[in-house]
Structures are given as C-alpha cells and as structure tokens.
C-alpha cells in the first residue's frame, strides 16, 4: 500500500510540473473582435433565450471578423466570476443574457468603464454609459399569434402558461390574450384563453424554466379542458408540452423566442407558429455596431426590438390552419400595431404593476 | 499494535487465584482493583488510522479526476480528429486536452503558482489580488457550502434528515434581505449582526416547524421539510414577484439592494471581482462552534444521544420531542447563515427565480464529511474548488461546466461505496475494531 | 476415515484482544460438538472464521481431510459448511420458499416453474428431518422457532452437511428448544454434522457428543457429557468455581421505598396491561416479580421508570410522588433502572463506554460545568467504573456495541448502581448472559439490598426470582396473584399462580419479617 501512496505522490508531482509547463502553451493571438457571452442559469442549450442570443454571436462570426465565446452560469453567484473572466481576458464586448444579470453587469460596467457590455432583456433606468440594453416588444408579436390561434382553434379554447410571473414572460401572455380578444371583437367569436388573465394578473406558472415534466403535465391538463392550442412561455419546459401535444394529436403548440420548426424540428408537425423574439438579430446588430472602427461607447442607449425593425415577429403559420383571409388580416393588424392603431395591452398592464 | 495486543491479552488472561470459599470474598472484586481488570490506556483511534480514514476519500477524488479526464477526452472533437491522423497523434492530443483542462482547473481553483509567486515578488497589490483571485473564489464558493453542509450534518447527528435546507435558505434570505434593506441609518456594528441574526432566526423558525411536528405527532421530517420547501419557494416568489411586497419596483422580481451598513466586509473592497468576505471566517468560526456544541456540551450530547438511540435518550431522561425542535432549529439557523452570507457578502439583494441547489449539495457534503464539522469544512472546500476550477476550465479549455456535477457525483459514489476504491487500489479495510461501525464483536 | 472438519491452531487477533489463540477442534461425521464459552470467549469469532466472514491470522482448516482455504462465505458454502446466525437473515415479507431461493435464483431462470420445484424440495427436506415448515408461509407470520428452522432449511437446501448453530436456543421458549433438539438428532442421524454453540450448560450436556470449552480465546478443556457435569463445565468456562445460587445473608427491611397504589396502565393493544396493582418494596429487600412474559410486567416497569404513562393510580419513591413523572425526575428521586432491552433502551451502542457511563449524570457536576461536558471527570469516572465493575474491554473508548452482552450489561449496572440509589428496578437483568456475568450481576443486586436500597427485579426465569428475591410477587393478566416470601415459596405453588390460579394464602403486601414482628 505504501507503494501506492508513493505512486500517487509521484503522479501529483508530475502533474504540477506539467502544470507550470503549460503556462507556456501559446495563447491564441488574434486581431478579431472578441465577444464573450455570459449565460443565465438555463445554460447555452436552453433552445430559447441563451441559445438565441448565442445565435447572434455565431452570425457575427460568420459575417464579421468576430470571435465568440460563452460561459455558462449554474447559479446566481456564478455571474460575477464569469464576467471577471472576460475582463481578465480583455474581451471587446461582453454580452449578458437575462435581467438576473442586470446588477452584476452594471457593477462590472461601472468598475470597468473601458469595456463595453450589452444585456439581453433589460434596460437600465437611468442608463449606464457603456451598456446597451436589448429589450423586445414581444407583446406585439404575441398579439399576432393570439389572433392566429383564435382563428385556427377548432374547440374555441386556447391556452398559455409561463415559467414564472415576471415581465419578460407575462409580456407574451398579455399580448396573446389581447390578440385573442381582438379576434373575438372583430369576428363576434368567443374563443377562450386558459392560463392567463391580464386583468387579474394571474395565470398558470410552473415555477421554473427547466422541468419538461411540468410542461407535459400542464399541457395534458389544458388538453383535457378542451384547449387545442398551447403557447408555453417557459423555455425548455415547453418542449415537454410539445411532447404531450404530439402524443395527444389534434392540437397545436405555439413556439416562443425562436422558430421552433427550426430549433425543435422533431415537433414540426404540431407547431402552429412561433412568436419570434429575435435576440440573435439584436445581438448581431450590437456586435456590428461595436465592431465598427472608431466605436467608443453605446452612450447608454437601449435597443427596442419591434415588429417594425424585425426585432420581433411571428413565424409562418402552419399551412391549412388559417384561411388566406386571416393571413391578410394578420398583415393588416401587423401594420396597425406598427402604426400604433392597435393597443396590445402591455403598456397598461405594466403600468398597473409598478 | 499486535504485539501490544499480545501483552494485553497475557495480562488479561492472568487468572484470579481460584477462590473456593463463598461469595463474601468474591464480592470484594467490586471494590478492589484486580489483575482481571484490563483497562488499557490506549488513546482514541490513533494518528495512523486517522490517515487511513482520509485515504479512501483522497483516492476517491483522484479516481474521480481520472474518470473525469476520460469524459473530457471522449467529449472533445479535437481528439477524434487527431486519432484520424494517427494513433500517436491521437494519444498526444488526448494528453494535451487533459493537461490543458486540468491545469485550467487547477489555476481556476487555486490560482497560477507562477503568477502568484511573481506577484508576491513584485509586491504590487493589484497584481497580487489578481493572482490570488481564483483562490478567493474557491473560498467564497465554499462559504455557503460550509453552512449548508453543517446544517444537514447537525440534523444527521440528531437523527433527523433535513432535506429542507433549501427552503430554510429561502426564508432566511427573505428575513435577512428585509432587515438588510428596510432598516436604514443604523451603524454597521448593529445593522450587520442584526441582518445575520435575522437569517438565523428565519431559518431556525422555519426548520423548527418540522422538528415540532416530528416531536409532537411523529410526522416524518423528510416529508415535512420537502413540503415546507415548496411553501418557502412559493412564498419567496410571492414576496419578490413584480408588484410583490418585497419587489424592487423596477420591473424585475428582485428585492431592493441592502444598505451598505449591512454588508459583510469584503477582503478587497476596491476590487469588485473579489467577493471573498468575512462570511468565510464566520463559516470557519461557526464550524468550530458546531463541533464544540456537538461534542463538548450537554446540548450536543443530548442531540447525539437522541440521534443514535431515541429510546435510550428517553430512558436517560432527555426530552426527545424538545430535542428534535432544538436540533432542527440549529440546523435551520445554519442553513439560514448560508443565505445571509450569500446575500450580505456576495449578492447584496435577493432575486426571485433562483434555485441555489445548496439544499441537495448540502446532503452530499454532510455525507462526504461524515457529519463531522471538520469533514464538512473539508468537503465544502473541495466542492468550492471543483466549482471554481470548473468555471475556469470552461473559460480556458472549453470543457462544459457540467463536468463539476460529474466529478461531484463520482466522488460521492466512490465515498458512499468505498469497496470500489478498496478494490481498485487494494487498500485493506481497517481492521475490525478500528472502524466505527463494528459488527457483533468477538463473542 | 478423516474427521469431516478439523481446525488446527486457529489464531485471530483484533486490536487489543487476542480473540482466538491457536484453537484446535475436531468434528466427526454424524456428531454434535458443543462449543461452550462465556460471551467474549471467542466462539463466534472462531465460527466466523470457519464461515469465511473473518480470515484467521494463523492456523489451518481441514474439511474431510483436505486443507481448505476459506476466504469468504461462498467458499464455506461450496465446502458444505452452513451457519445459522444468532440474528436471522430472513426477509420478513417474503415466503419461506422465496427466502430459501434468495441468493440462488440466478442459477435458474424461469421463476414460476422454479418456485414450485423449490417449494417441493423444501417440503421434502422439511419432511425428511421433521422440520414441519410450510414453504408458502410468510416469514413475519412465523414464530421465532420456526424461522430458525427456515434458516436450517436454507443450509440443507444448499446441500450443507456441516451445520454451525450459533446460540440457537437464545431466542427460543423451552418447548421450542426441545423441538430444536429433536431436529438436531434427526440431522445427525442422517449423516449431518453439527457445531452447537452455547453458553447454556444444560443444553450442551444434553445434545453434544463432544464438548469443547473456550475461555479468553483458548481451548481450556475437551470433554464429553458422560465425563462431565454442569458444575465442572461452569468452572472450566469461568476459570474458577461458580456459585450457581445466590448467597445472601438475612436482612431486616427498613421502611417502604417504592409504593404503588391502585395502578392501572393501558398496554399497546389498548387493553389494561396493569390492572389495579398495589404493592410496596421496602429498603433492604429484594422483591422479585414472577410471571409468564406478557402479563403486564413490562408495562409495570415502564410506568415505574417514566417511560410510559399510567391511566390511574399513584407511585411514590421515598415519599416523593413520581406518578407519571418524566424519567429524569424519577431518577433524581433515587431510582436506578436496568432496562429489559439493554441494547434498545439502556445503551447507545455507537458511543464509547465512557460516554455510556454518563448517560444519567451528564448534565450534573462534576461531569457538566454549565453546558460544558468536562473530559477529565468523565474519563476518571469511566476508568474507575470499568475497574470496579470488571468490564472487560480494550479501553474506555471502545464503542459499547463491540462488547459482549455480559459486558454491556456490566456497563449499565456500573452506571446505574454506582450512584447512591434508594430504589433499583431491574428488568430481566441477566437475560442472555453467561454464567459469570449472571453471578456478577446477582451479587451486585444483593449488595444494593444489603446497603439498604429497595430492589425490584422482574425476571422470566423462575429460578432466578426464587434464588434472588426476599419476596415474590406473581403477576397474571395485569393483576397480582399473590406476594409470597421466597423462603416458603415452592416452584409448584408459584407455577399455579403464574397460570392464574390464586393461592389460598392472602397476599403479603409487606415484607414477611415485618409481619412476623
């Protein structure tokens, strides 16, 4: 046994030797614009939020002289060390994803005024000089999805649910409900919405953003109550719902954040449409802006993704589910929202909260 | 040891001269020490067996690192690419990948030795801080682990399985952050202890509920702590939700920031990335306090007696029901300190929608540390190093952060099933008699 | 023909103890060897070596003349060696067949068909040796005696022909013991060989062909039942002559210490376990309770010691009302309690001896100072008590769970009787102990009596009650059938009362010397 111990000691010794040697390993030198992204606790593979933002960096890598990198956070206290990493590595732009990173991003931005930051889904008030906030009028797109869903439902019942009742989630649900209500008004219909009530600020929330089991369970409940279209606003939780809908048949899922026919093609056949929150476009836009020669600071500006600038939108509605007339109506409504003629209900809702 | 045993036995076997009379003289055995008595003044388990107790955990860690290396190699595409070029290239590339990963790991957990040395020689404070930053992150990460691990360990000592550390953490987070932001104008000397105390009380009261239910009605604490976890999560959600009573009011489900007077002082306040704070010292102090309480006081004696054998405790006149409440309250108070130090030392606000995961890691830590405060501290440092190291491994060597979970899992499996380690390394089991858990004895 | 089993020079060391010291043992085919020794003499160690649970440090084992290497139980099983442990290794919710097949199911695949085959084999075995076991019965429904037979069937099913029975009679009633002996006779008649481990002299004399006596890890004698008797064997076991009855001088009781008036206690099944009991125990006398197990003795003791609540009645100790008082108050009133189940109630097995010895005093000075437990007084006390009460242990830091039953009981006795007490309550104080320990504990109880304490002893052994007590209280269905002076009591008369037949003489609620006076 003593032999084994000495063996182990020798191994440890060798290891530490190698260790000091590998400091000599050449660090890749590059003249590219380096972008680091710190994810939320959902991780890079969430097929939603973090993944979409990362898509924007990948797009920039393809089209611009950009090198991207990401660090996954597994808990709240991970944000700061991850930010520290990119600062130590002298990155040109640091993108953080999610409002939970807002405080850390601000603290680091203020402590490192030479660095530029962008944060997805948050805008500072008052703004911070070297951070670009990227926010999205998702209510506009969700309104269209609600209208389409109301037109497509066979049972007259549609449903939505969220991860946690926070504005980046409820904004989908408010827009969706108002879209359905608008359809009812315009067509004298009575399509019901399960899982969300803007007036009461209550709805169905699973309490997390990772349990596909919860997604399945909630979807099964909605289906048994007669709903045939479900919009899950809870990241990967929605994949569980898609699974449930696929098994049940005769029902549809509305994807969120990205086009699910692309990000989750296994559910292609049951995806009615997706509410696109084009974080990739916003991130790409930000990188393009910052990588411009002579760029110094964002000056505390906020990017707002809207239907107008394609920051938000809806994917093609599955063929055969709505009539050409409805398609045309959707185009009209889209324009009306851009022109400010139709109210998605969000401003009133969020105003009532704070 | 064996020789000594021989001698002992020889002494023990010395027979009392046969005594053919009656019991009168025989009764004397009670008052007069006879050669039969064989109290050997042998100390508690010796240093050598202590070392051997550490051997299996150490080997478990080494083995986990080896398997982790294999996982890293097998998930690295560059290795496959190199193998397509040739076997030797493949092997070399595999080694390069492992070395790069684990050196990043080491540097992330303990800092770069060369850099630290250079910084120390230069005497430049900023450089030193930068060089030791990884180590500060390891200790900072270990801090809540120590508290949470101690919480579960105290429960184990008292015969209670506190799965509710997570819920106690949430409740304590609320009480601590409330005292932290709502009280203004207090000097730090009063505000900080008050905020810490709020966390202890919050966690302790929340944990005392299942303790009371167990003592009074026999309801199992595992079920009740799990259920109270859910209630705590939802309660925290309600309090912090946008528009909720404790929400900041900027459209985010987070609490206001605490007053600077409630900050746990940080090691280098000027450097925002260094978040190591007085909470770590507090953790070490509390770990010592828990050890003292458990093993040197009547309270600890009662807790452990109830934990080992509640019937004997009752027989000895210990109020078992009250003891369950006390044990749970201590356990919950410790879990609460995990939240308090996280909030007062690191985050400085409390977010909704965050799952700390401490509750479950804490169980692993208590098991790993054999429910002993020192063991828990060591296990927590290990977990802290794993986490900090894995973060750097992700940043430098592109190894997914999930490797931490794999390593943690492997270490726990190997420690829970030490036979595997003994088999691999042919470590003999401690001879019977030196191990805590002994079977029937020599009869 | 060589002996079926031969052990030569087996030596096994544990830290601080030489458990087996070059032991020789020979077992001839179709015979029973009785292995006799006190608890801690090394019997179980030797058998665990033979069964492969431990490995010997020195010595050789020969099976049917061939040198055998037994590293683990599987090796032993392959050699036809089987062991029935003191604690049965059966799954309570499974049937006999399922239990027997456990561990062997992998050798065959088709569960359903196989189970029938197995059940048939079990029935065959059962019939052949007169075991009377139903293969379909569920273990938890079976009495301990039958469960033991299932263990034996397990061995026979695996074709064992050397059977080790470790203290097989410890858990059995007298009727079950004679049943077991018939089975053993039937086994050896059909060519099996048996090692019968016990510390009960009478049993070993009755069943063995040869007797081997161990003491402190050594063989101290080999004999046969014909050449020996109980007294000789006891002397060999203990190493000196043993007093098989308790000597005690006559003593005048002083005054009542324990007073129980009209006590009613509900048992676990919600019936009255103690049904209106009134008696006194005086200082300087031993009152023994006789009665068949389950007639309220356990509940009575639990109420007297605060572990159970009474429904009505009054209990005082030396004038202090302790009715339904918590255990600590009763202890502080001057009561010592040797509990019926020492491992379950009286000890914390994982604690070292030192810490078990402070179980009732840890909160008082000198052990406690404020909330601190002081190491030095605790250690001194432990050293002193281990010496005084002759606890055989490597050190005071040894976990109590490592001690033999007798030494465990000595730890309890040391703890309880070392304090000045007015009342000692001892329930089954010698159950499962070897001769030496029994003698020792009896002596200690008598000493307490002679010091003027009231002693209340409950025992299932009528002999023990008869030899120890000054007065005997007989319980039947929760009532006192009579209280008689031990001097005049006969086994027959007590037996009748224990069966519920009241004696003509009225109950004596006071010590007899008092009544004569």
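Going in written order, the chains are labelled A, B and C, and every chain counts its residues from 1.
The rule is simple: a contact is a pair of C-beta atoms (placed from the backbone, for glycine too) under 8 Å apart; a residue touches a chain by one contact, two chains touch by 3 or more.
Because the structure is predicted, anything quoted here is derived from the model rather than measured.
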Overall pattern in which the protein chains touch one another (line/ring/star/complete/other): line
Chain pair with the higher count of C-beta pairs in contact (B-C, A-B): B-C
Centre-of-Cα separation between chain C and chain A, whole angstrom: 70
Chain centre separation in whole Å, for chain B relative to chain A (CA means): 36
Whole-Å gap separating chain B and chain C, where each centre is the average of the chain's CA atoms: 41
Chain C residues touching chain B - in the complex, by the definition given at the top: 13-19, 21, 39-45, 54, 86, 216-218, 239-241, 243, 247, 305-307, 326-329, 331, 337, 339, 344-351, 355, 358-360, 362-363, 368, 371-373, 383, 386-390, 392-399, 401-405, 443-444, 447
Of chain A, residues touching chain B in the complex: 1, 4, 8, 11, 15-16, 18-20, 22-23, 25, 41, 69, 71-72, 74-78, 80-85, 87-89, 99-100, 102-103, 107-108, 111, 122, 125, 163-167, 201, 207-209, 350, 353-354
In the complex, chain B residues that touch chain C: 1-2, 4-6, 8-9, 12-13, 15-16, 18-20, 22-24, 26-27, 29-31, 33-34, 36-44, 296-299, 301, 304-305, 308-309, 311-312, 314-319, 431-434, 436-438, 440-443
Chain B - residues contacting chain A, complex: 59, 62, 99-100, 102-103, 106-107, 112-114, 130, 133, 137, 140-141, 233-234, 237, 241-243, 249-254, 257, 272-273, 275, 342, 346-349, 351-357, 387-388, 391-392, 394-395, 400-401, 404, 425-428
